[in-house]
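Have a look at these structures, which come just after this line.
First chain A sits with chain B, and in the next complex the same chain sits with chain C.
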Partner chain A sequence: MYVLSAIASLATLGLVLGWLLAIAAKYLKVESNPIVEELEALMPGSQCGQCGFPGCRPAAQAIANGEAPITVCPPGGSALAEQFAALLGVSIDLSNFEEPEFLIAKVSEDTCTGCTRCFKVCPTDAIVGAAKQIHAVVADACTGCQKCIAVCPTECLQMHKPEVTLRNWRWQKPLPEPVGAPA
Partner chain B sequence: MGEYLMLIVGTALVNNVVLVKFLGLCPFMGVSNKLDSALGMGLATTFVLTLAALSGWLLEHGVLIPLDIGFLRVLSFILVIAAVVQFTELVIHKTSPVLYQVLGIFLPLITTNCAVLGVALLNIQQESGFMESVLYGFGSALGFTLVMVIFAGLRERLALMAVPVLFAGTPIAFITAGILSLAFMGFAGLSPK
Partner chain C sequence: MISLMQSFRIRGGVHPDPRKTATTDLSISSDFPLPKKLYIPLQQHVGKPAEPVVRVGDYVYKGQLLAHSQGMISAPVHAPSSGIISDIADYPAPHPSALPIRTVFMETDGKDVWQLLKPPTDPFGLSAEEISLRVGAAGVVGMGGATFPAAVKLNLGRKNKISTLLINGGECEPYLTCDDRLMQESADGIIDGIRIMLHGMETPQAIVGIEDNKPAAFRAMKKAAADFRQIEVRQVPTHYPMGWDRQLIRYLTGKEVPADGRATDVGVLMHNVATAYAIHKAIRHNRPLVDRVVTIAGGAAGSPGNIWVPIGTLISELLDFCRVDRPRMARLVMGGPMMGDALPIAELPVVKATSGILALTQDEITRGSEQACIRCARCISACPAGLLPVDMANRIRSNQLESAVDIGLKDCISCGSCSYVCPSNIPLVHYFKYAAGELAARQQAQHKSEQTKKLIEERNKRIERIEKQKAEEAARELAAKVAKYSADQAEQVL
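The block that comes next holds the complex of A and B.
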């Protein structure tokens, strides 16, 4: 008897509360702009803040409201701007758009004190290390957001051009040569 | 009427839920960095606590006692509190997105605020009537909000002080909380008992 009434009362309670919450959720629904969700899904999502907004979602909201240009995201570069243009149905002239020079952070091992401040702020967990150990930057994961540069107490983190390795080396584009030019 | 007033004053000041009964210390330390968020948290908890005390009494006298299943008290109270918190979250998300962002994870964590469950259970233990239960919940929540606001104000000023390095941050906050608790012990003189 106890068991039955316990099961019945808890199940009823759960059902009634769930039903009430469902009704409340329907009436108190927060309308969000679906375009913001789509823009945010295209973004890198590392919340690096290079655009000047606190994160990717505020930046997506600003783009959707027309308060920010679609070229606002530096890590995304021109490729992301083209995707935004296609999604929003606006034309974009990228002939004047300068691809920002891609720099990544690098630890100078002479001056690193192993203070761990840099990898606490890294949005992509690209810095490895431990307390009082010299840190290192995983070049593939660094998005060049420069957050670590600001917190480094010894200025041992600096931005460098990424090293050319076998993994990221690309064949140079051929130089445009006029037809029939002497070899 | 005077009796009810005494009850509110008694629960808010004399038997303050945070500083005398030491319930709900987690939001007390966690969300007291800024005055605005502390006030928001206090108001959200006030809403939840009052509703939880009310629905706890209804549940106890409407379901648990008639069916003689008092052993399900904690379980069913937590269920009701979780639902009330979810409802509060919906309301805050709708009415004040800024507060929703400021409170962040601490909003759903009101579910595990021991003050909420504690007050609902204390009501049952003291065999209070319906009005007494609701006022007990409301008074406790008022006390909680008051202490949150006072403590957040203290911490905002503390942030500007030259605190010795060893005490800076959380340790000085704990010491401040202790002194505040001592001060609230002084209200014990108000109690008629």
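The block that comes next holds the complex of A and C.
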């Protein structure tokens, strides 16, 4: 019988404390800076950590506090920086901004052992496969966060340039010729 | 007085050297020998690629369906001759990048046998919807180079209750004479095609605009249209880019298409003369679009001319037929010199959009080296869309694409007038094409980031669900254990 009473009392205690926590969460909620929310909403949200912050929200906070430049997000590139600039009402000079190279993960079929570690860490489910089957990366879903690279035991995952097709082929920017050079 | 009033309606534009004399007096040749192999890309139109209905090894007759259209905006592809399908695989596309595109490979048998053709139809016994359906099934697309499916445009015209159909016989690009020759030689067919289009769109009248440097074509068309009061044939000044729909609409009807609108907003739609002819063949004779007139010209062409060419013919074979001096050919261009695309290799197929193949010599393409902008504003007066090319290029150069959009980048039609007049040889259009591509890439990236967010959300939900399930299972197991234990205890007490 002692066991039953112990279970009952502990369960009651748990319920009461949980209820208190719920009340506290509702009435003592910490209001966060709305600009941080807006910044975070623009970000890719894959929590990849390429910016050096532990996730998108801390990076957004750093931008809002002026501790990080608006060009901090590598996957977002200059397009995201322009959106940030518009949101924050600051002007930016992107003429010297070097667009970070976008790379996606690719599985080398020769060395993949089908260990399933990579697709467990992929934040966008961009890797498909099953145990002891060769895995593959869905290029359209890969964000280039490199989380899978870190866990692959055989280094069969490597970052590659995305394949150029008629769908994503673009004109290159004209190379600036030296102005005033003799004809 | 009227013409003076109308000349105010032309905005911007340039007068490039027409260079049409080499081919304008030569009648369209049908002597081009049937190629042994044809390469028919499955996407020769704006919209979704066609889906093959034939298999490798199948024997097909000329005009037989190779691939059907899929989706709202698409067009089918037909066999340009009779023969055997040897493969369906990737092959370089006639595009500046020559990247691969899904293509049907065909080995012709030399017999060129048509599939069983239905007897000629009376188009005016058909309903308007039936006309669009048949035009769509024949794979007719805008033959001027835009390659927008013609049937979709007919439906658009009918739904928007268009008041006037404009037919573009401008052919304002230098070198090209395929439309000019077609009008001279097949004016009756073109006029018939226009009547069919009017019937299919339920539109009361059509105006054909022909540049005044094509008097023979104008006379032929005028004569062919004499019996039809609903079709008016008019001369328009020779002025690049007269073939731009908004320019021709402004000149012929005095209406201005709003910047973010379409021609249908002012009750007008424009088709090309070659499209009208293709529709005439498709409806009157039940012949799908399997060939077209191509102008082969340029300084390196030994015997330039206009030729009926089956779709899928390799450009290299055309070059050989026209005795193009390959070592002298410095640049190969598909389309006109102002808006066409430079092709890196000649082993690319002719498609529905191929109005011209230009084999240009070094003399024809040389431009001086780029100099600093001298603020002469010639590009601004040359811009037919009323934009500020120099300002836009400066903003794009400093990566301020959004601010270039603010001053009208999206209204640029890449006609090349600004680059043509620039005394400092600044590659203005190149900047605009780059910026347009970059903006499209950003839009794709934006779309991808939205998709990524969805994927992450889904994944988080899934992980949460699995954890909840696990917790519930553990709780159930625990409860079962507790129940068993307490039952045992109770037994012991008893």
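Operating definition for what follows: the second predicted complex is superposed on the first by the 138 of 183 C-alpha atoms of A that agree within 3 Å, B and C clash if a C-alpha of one lies under 4 Å from a C-alpha of the other, contacts with A are read in each partner's own complex, and residues count from 1 in each chain.
Definition applied: contacts are C-beta pairs under 8 Å (C-beta built on N, C-alpha and C of every residue); 3 or more make two chains touch, one makes a residue touch a chain.
Keep in mind that this is a model prediction, so the values were computed, not measured.
Enquirer: Could you tell me if A:23 is touching chain B, chain C, both of them or neither one (first, second, both, neither)?
Expert: The answer is neither, since A:23 touches no partner chain.
Enquirer: Classify the contacts of A:45 with the two partner chains as first (chain B alone), second (chain C alone), both, or neither.
Expert: It touches chain C, and chain B stays clear.
Enquirer: For A:10 in the superposed arrangement: first (chain B), second (chain C), both or neither?
Expert: Only chain B is touched by A:10; chain C is not.
Enquirer: Report for A:150: first if it touches chain B alone, second if chain C alone, otherwise both or neither.
Expert: A:150: touches no partner chain.
Enquirer: Residues of chain A touched: more by chain B or chain C?
Expert: C
Enquirer: In the complex, go through chain A and note every residue touching chain C.
Expert: That would be residues 1, 3-4, 7, 44-46, 76-79, 82, 86, 93-95, 97, 123-126, 140-141, 143, 164-166, 168-174, 176-177, 179-183 of chain A.
Enquirer: Hey, which residues of chain C end up touching chain A in the complex?
Expert: Where chain C meets chain A, its residues are 93, 95, 97, 99-101, 368-372, 396-402, 427, 430-431, 433-434, 436-438, 440-442, 444-446, 448-449, 451-453, 455-456, 458-459, 482, 485-486, 489, 493.
Enquirer: Which stretch or stretches of chain A touch chain B in the complex?
Expert: Going through chain A, the ones touching chain B are 2, 5-6, 9-10, 13-14, 17-18, 20-21, 24-25, 28-30.
Enquirer: What part of chain B is in contact with chain A in the complex they form?
Expert: Touching chain A from chain B are residues 59, 63-64, 67-69, 71-72, 75-76, 79-80, 83, 86-87, 90-91, 93-94, 97.
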